[in-house]
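First chain A sits with chain B, and in the next complex the same chain sits with chain C.
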Partner chain A sequence: MTMQAASTEIASRTAAIIDEMKGLEGPLLPILHSLQEEFGYLPKDSLPVIADGLNLSRAEVHGVVSFYHDFRAKPAGRHVLKLCQAEACQSMGSDAVAAKVKQLLGIDFHETTRDGSVTLEPVYCLGLCACSPSAMLDGEVIGRLDDEKIEEIVAEVRS
Partner chain B sequence: MNIKADFPTLIQEIDYGTPESKATKQVTLTVDGQSITVPEGTSIMRAAMEGGVEIPKLCATDMLDSFGSCRVCLVEIEGRGGTPASCTTPVGDGMVVRTQSDRLDAIRRGVMELYVSDHPTGWNEKAGTGASEFDAVAKSVGLTENRYGVEGRNHVKEEGGVAPGHGSLAVDYIARDESNPYFTYDPAQCIVCSRCVRACEEVQGTFALTIEGRGFESRMVAGMHEDFIASECVSCGACVQACPTDALREKTVLEKGMPERSAVTTCAYCGVGCSFKAEVKDDEVIRMMPYKDGKANHGHSCVKGRFAYGYATHKDRILSPMIREKITDPWREVSWEEAIAHTAKEFRRIQYQYGRTAIGGITSSRCTNEETYLVQKLVRQGFRNNNVDTCARVCHSPTGYGLGQTYGTSAGTQDFDSVEFTDVAVIIGANPASAHPVFASRLKKRLRQGAKLIVIDPRRTEMVKSAHIEADYHLPLKPGTNVAVLTALAHVIVIEGLYNEAFVRERCDWAEFQDWASFVALPENSPETVGKLSGVDPEAIRGAARLYAKGGNGAIYYGLGVTEHSQGSTTVMAIANLAMATGNIGRPGVGVNPLRGQNNVQGSCDMGSFPHELPGYRHISGEAVRDIYESLWGVKLDDEPGLRIPNMLDAAVDGSFKGIYIQGEDILQSDPDTKHVAGGLAAMECVVVHDLFLNETANYAHVFLPGSTFLEKDGTFTNAERRINMVRKVIEPKARYADWEATQELARAIGLDWNYTHPSEIMDEIAKTTPSFAGVSFELLDRVGSVQWPCNEKAPLGTPIMHVDGFVRGKGKFIRTEYVATDERTGPRYPLLLTTGRILSQYNVGAQTRRTENVAWHAEDRLEIHPHDAEVRGVRDGDWVRLASRSGETTLRALITDRVSPGVVYTTFHHPDTQANVITTDFSDWATNCPEYKVTAVQVAPSNGPTDWQKDYNEQARQSRRIAPLAAAE
Partner chain C sequence: MIPRIYIPADSGALALGAEKVARAIEKELKERGVEAKIVRNGSRGAYFLEPMVEVATDKGRVAYGPVKPSDVKSLFDSGFLTGGHHKRWLGAPDKIPFFAKQTRLTFARCGINDPLSLDAYKSLGGLRGLQNAVAMAPADVVSQVTESGLRGRGGAGFPTGIKWKTVLDTAGAQKYIVCNADEGDSATFADRMIMEGDPFVLIEGMAIAGIATGATKGFVYIRSEYPHAVATMNKAVAIARKAGVLGLNVLGSPNAFDMEIRVGAGAYVCGEETSLLNSLEGKRGVVRAKPPLPAIQGLFGKPTVINNVISLASVPIIMDKGATYYKDFGMGRSRGTIPIQIAGNVKHGGLFETAFGLTLGEIVDDIGGGTASGRPVKAVQVGGPLGAYFPRALFDTPFDYEEFAKRDGLIGHAGITVFDDTADMLKQARFAMEFCAVESCGKCTPCRIGSTRGVEVLDRLAAGIEAEKNLALVTDLCNTMKFGSLCALGGFTPYPVMSSITHFPEDFKPAPARVAAE
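On to the complex of A and B.
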């Protein structure tokens, strides 16, 4: 689990990234991605620094950050498990898959297990409709989820 | 007069849905069988409304660009498939549009039903006012049912329906935000139309709001999901005005209900002169709504104009006249008759005892033109001297002098609309984002469209850098070096041949230009030399000069940072020279524009408030001018100029000046060197203060006459663009008399035969006697809204832009502007330079704004100090510090910031406790005596509380505000 950095350190590292990327056309999104890569999440303290650096308002930066579900406000667990909840997967039983995963991990969507091993998130279509219901674990897609695969996944993230 | 009969109804302005198209080509289309011709680029929605056909809408309003999100304004167009949104679809020649059909009705009802399902009981009376646009649209589309239920995730639940703002929490419910003192945000009522967000961006230019999240979770929030009060919001209220639901609503409306009647009037705060609809219910102002037809503000406002009118009903207002023998006595409430008779008797006694010139008057830049005219008339006709002055003495007198000398008129050259054509804006010694916020919003809009910006200011103001705004050049000069820096700009323009020779040859005196050019070309005026003494990078001076001279339409806007210096008049001339040399005069987008501080400071100057000038800036020594008034007033006028305010005070200390009538001005707080002012006032035998409150000056008064607010009288204010705007009485004077009536009573009591029954008659007298006002009458203003003087036979509807075909004085005059350093210098004992300014939420000495909820934003004056200067003195943020100058000392708390440069400290003067003018010296402008507020050498040291002066002063103020209990009985 990434330790949350102290706010002065966040400000200075954020400023360095802004300086480096400020010249890009439409620099806000690349800067946000870099920050998330740097810290593992987007520290709230870095947003006013971005606003100041790009001559935007805090509100504008917050609007963009909150629009994208992939930008996180706090560090994720060691693994990130995303379960597709879009139409095709729903028709193939993704609700039941989600219920089972939540029960096994003891957490709801948008939560991280207390041991910090895994963060569970819903996702709306992985482009894997032919293999519904589907999921993504740490960037790798998994199709045709069933009880067996779910248990395998849970065992893996728990290990 | 029955006010209700005059303004019986609530003025409803038409909302055309989308902004006006500026195209010249006309297009004709048919809407519901009616042929309509509009400029190309107009939306179908606007065209229909111009033809009187109202298309239902939620996310569109004509202050904002179209957005196309609400899907209520759909129409059918012959030959096109589908149902396009009328707000985003431009008109086409020959287009045939239907705004009503069964299909459209069904779609609109369906959309509204979905909105209602996501909106707590939405359209019935349980939600908010029941008078929102949302409620009206729900009715107009015939919405009768909601098949989806109201248990949305972002809602609250309650037995029998869902009420806004309370009930039990649902998953995504956000509680109501009551943090702003003036309005409420109830997210449960928000339909995410983005009108508030767009208003904050497009109209106000603050970008404080956003839509958070996406899809069903999206919601408007302030800042980074903060309370409004903690966010970047400046409380201008544009979002509240734009909101089609009751999600954002004025607290007064929620508490007291919708207003019932309104009148168009003019704001009584700054010199922008915004037009408002004062909306009233039961003789109480419910809200001030910016008027879209207002030529200065076009429907926008700031926190002061829209919300800060509470002082009008504040408990501190004095509603009864009062007198006392000595200033150490408690006040005694008396009748108007007694107060007026007493004043007249005292003034006559003083004149008999000490001479005709032993009394005088001060006119107010807060009062109407008519009231100001009467006070100077009282002095000249009644007191028979010219001892009249006004607070413009301490702000823009150098503007009058400097522009008068160079161009021939004492006023700005442009209208505010001119900024829409500006390519390079130069702001000198002004912070419009704080002091002239509505103009700042208009300027910021132009800057976002690509205009360039040069800021010349010791402090890094909000104009230098804020969301989407960044000055191309900021010249952070040392206070007191304006003339040197402006002359250095001229140096670059002349040396590099950037001047507009054709313009100068045609419009100015070529020989004078050559003399000036040879002067500015001297090496001592080069950016390198000036850079050393002003602390400005020479390359920035060169860059700024090139940009202003060659960047297209260049417009200069300046404020008190220019005038309140020992070389204030010289700086104004330097500005005038720059504009002439580059040909930036006489057309839209250019010019020299003083940003006047007070609502009617332009007007009070126009009305002959100065001791040497009769109305219309005509010198008192002119026989022909005196003749006009002598024959009308039936007296012989003194042909010698009278005393200026500082001279009156000097004379009082010397014992030759004994009585003064001060209307609506707090000279003790606003004039420099407070101790000197206090000494002068204390030496007088009859000080008459005519004001809303027992202000600081009233501590030294013998007679107090209660004043009237702008809501309680008719008249006119003249704003910074010379625009004469109507002020209309919406409630009866709370203290019986409007100010002009009180002055008239006083005039009668000293034997003058005045019989004005309405301010329009005073304006008629002004028009009859003053050529530049010859065409002005209340009838004309009622008809056309407003006019800019000169308004006469040559310009019957006024003059938006001056010096179009030639300068008023004939040829423009170039004047050498030699830099003379102020006598106020830093040294070992006073190593820092203090400069002063304003803050957005407070106004001037704060007499009004401190008596409103605006104190939520600025409860005290703070001293801004650079981290370096703070560190060497051991001062931490928030510490009490002692601020001392050669004149005096005071204490206040420090605010550590790099907005100010090292060596410079800055404060505001909104609170009497601070007494910033105890510090300021009595150095003043060489030509006009305008005090040098902007430069004082000071020392700052840690302190643990108020100074002895502050304690003594507060005790004296407390003593002198006592009102005798017996007389206070009803």
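On to the complex of A and C.
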């Protein structure tokens, strides 16, 4: 029963967002971003509603959702930590930074800690290439990561 | 006069603690009962000096940097509000060698004022280009841009004016201007800096493009990794609309032009123009075959100008000061200026706008000051993940589209990543293939499958398995990818791979020999 209630609610919140945005030219990506902002991920139950609302097939919607790295199929942890792993950060030791963070959090990239406190993700460039290695914690940018800053970040996401 | 304190809110400065510095300064002002106005400007681009705080004094601006929150008390004690001396004192910003050596045309205003003050924008020459454009015939605007020699700053280097002319000459009830702000290349941050630091120059450039080609609608497609740029651009568009810079009557003229900001979703390949157009349309970001050119059948099948941020942001100064003024900078067929982004393991990292023609060595050694680690420079990757690795032996290469092509490289979006001698070029080559495999849109076989096979072959090389055979195989594979891929992702991934093999063969020797050599 509760499952059904949840899915009805997801459908109605999804429909409201679609109504608001479907007048845009090429509305699908803005709608997906809004849904992810609303739910923290893209619930399976919202995809058929999008397909109906935009007159697309479910396969088309699934194709778009699965193409982009940003869209999540399940909720992330309370914090999302993204570590830049692109070349400029590599030149300043981003490999070692990632290894240390993974070890401290006990998870690998694309994983969430068991207590749900943090999801760890690689990112390929934050445009902070003159202050590498860099990271983004819940949208806040951090440059020139060193051991001290890494420990601070880990303490923050754990608290 | 109430003192004015400038503290950058550019994300590079924020990443280095500008917010904490701002809070410390606010607190100190309050505690001392001093009145001052804090302005949050963009960054001028010297990230080795960020957070760089400036104060406006009777004798002009005085800069201090890099400022830490712990410096704030002593800055006040030293009388920094009137330009007093302090260990972080840098003097007049224009006199700091990193800035004094630059020629700032596109970035002339970036980092000086509040990026969202349209008045400040106008006070430094903003909107003059657009004013000139609305008074001209579209074809004359296009010929000015063609005449200036401006080429696509996104990397392809295609003449901007020619692209515009095709759109102007193509009939269409609706035409579009699309700004490619999907700046995914590592080592590049010029687009981010200008969108965060001088957003109106991009809006002005897009409006000029609209007037020149008959397009009435623009889109800026910004990558989702740039939330600050997205926020600033959204605010700037709203301000421009309210002020009549955008709308049904651009600057009171009969020309209509409006624009929207759109956000990508973490796909590197969407920086490729046709895949970006698909993404804007709400489709998978899959590359389209050309022809048809986007100029003829672009967004929603309509004639579309698609240009990089810096190309569009360079147009206002061309329309303000004239094509000849812009064209007089540069060398060969590379005219005007280029914002070089010096990044990675480098002492003086940041954005350096200059006329084309500096050598790679001048950029890395003289301006960049060598590595941050203090170790010797081993390799420099120019042009992002799809750019070649250059050894010191090629440091005499002048920064110019054709000169780099002659040496099997590309300048791309002008990002430079410096690596010291601890870099393992086999690992870098493998990363290039791996990145291509992850980011491939899947449309064409050489890129989709070639990159995965490339990773496997390089792994065999690293394990010391049949070195000669596998080296020949990866070379052959690179050839197939280069000539058989539909777009630059698969087509240019061979650049970092082959340049690593060509210039750093010692890193590709079988494992036992590598150990013995060390």
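Note that the second predicted complex is superposed on the first by the 154 of 159 C-alpha atoms of A that agree within 3 Å, B and C clash if a C-alpha of one lies under 4 Å from a C-alpha of the other, contacts with A are read in each partner's own complex, and residues count from 1 in each chain.
Note that in this section a contact is a pair of C-beta atoms (placed from the backbone, for glycine too) under 8 Å apart; a residue touches a chain by one contact, two chains touch by 3 or more.
Here the structure is a predicted model, which is why all the values come from computation and not from measurement.
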Of chain B and chain C, the chain that contacts the larger number of chain A residues: C
First (chain B), second (chain C), both or neither touched by A:67: both
Touched partner set for A:58, first chain B, second chain C, both or neither: first
Which of chain B and chain C A:29 touches, first, second, both or neither: second
Touching partner for A:108 - first (chain B), second (chain C), both, neither: neither
First, second, both or neither for A:148, with chain B first and chain C second: neither
Touching partner for A:47 - first (chain B), second (chain C), both, neither: first
Residues of chain A contacting chain B in one complex and chain C in the other: 63, 67
In the complex with chain B, residue positions of chain A that touch it: 44, 47-48, 51, 55-63, 66-67
Residues of chain B that touch chain A when the two form their complex: 206-214, 221-225, 231-232, 465-470
Chain C-touching residues of chain A, taken from the complex the two chains share: 24-30, 32-33, 54, 63-64, 67-71, 86-92, 123-132, 134, 136, 139-144
Touching residues (chain side chain C, partner chain A) in the complex: 11-12, 14-16, 47-48, 50, 183-189, 191-192, 217, 224-228, 260, 262-268, 279-286, 300, 341-346, 349-351, 372, 381, 384-385, 415, 417-420, 423, 428, 431, 435, 439, 441
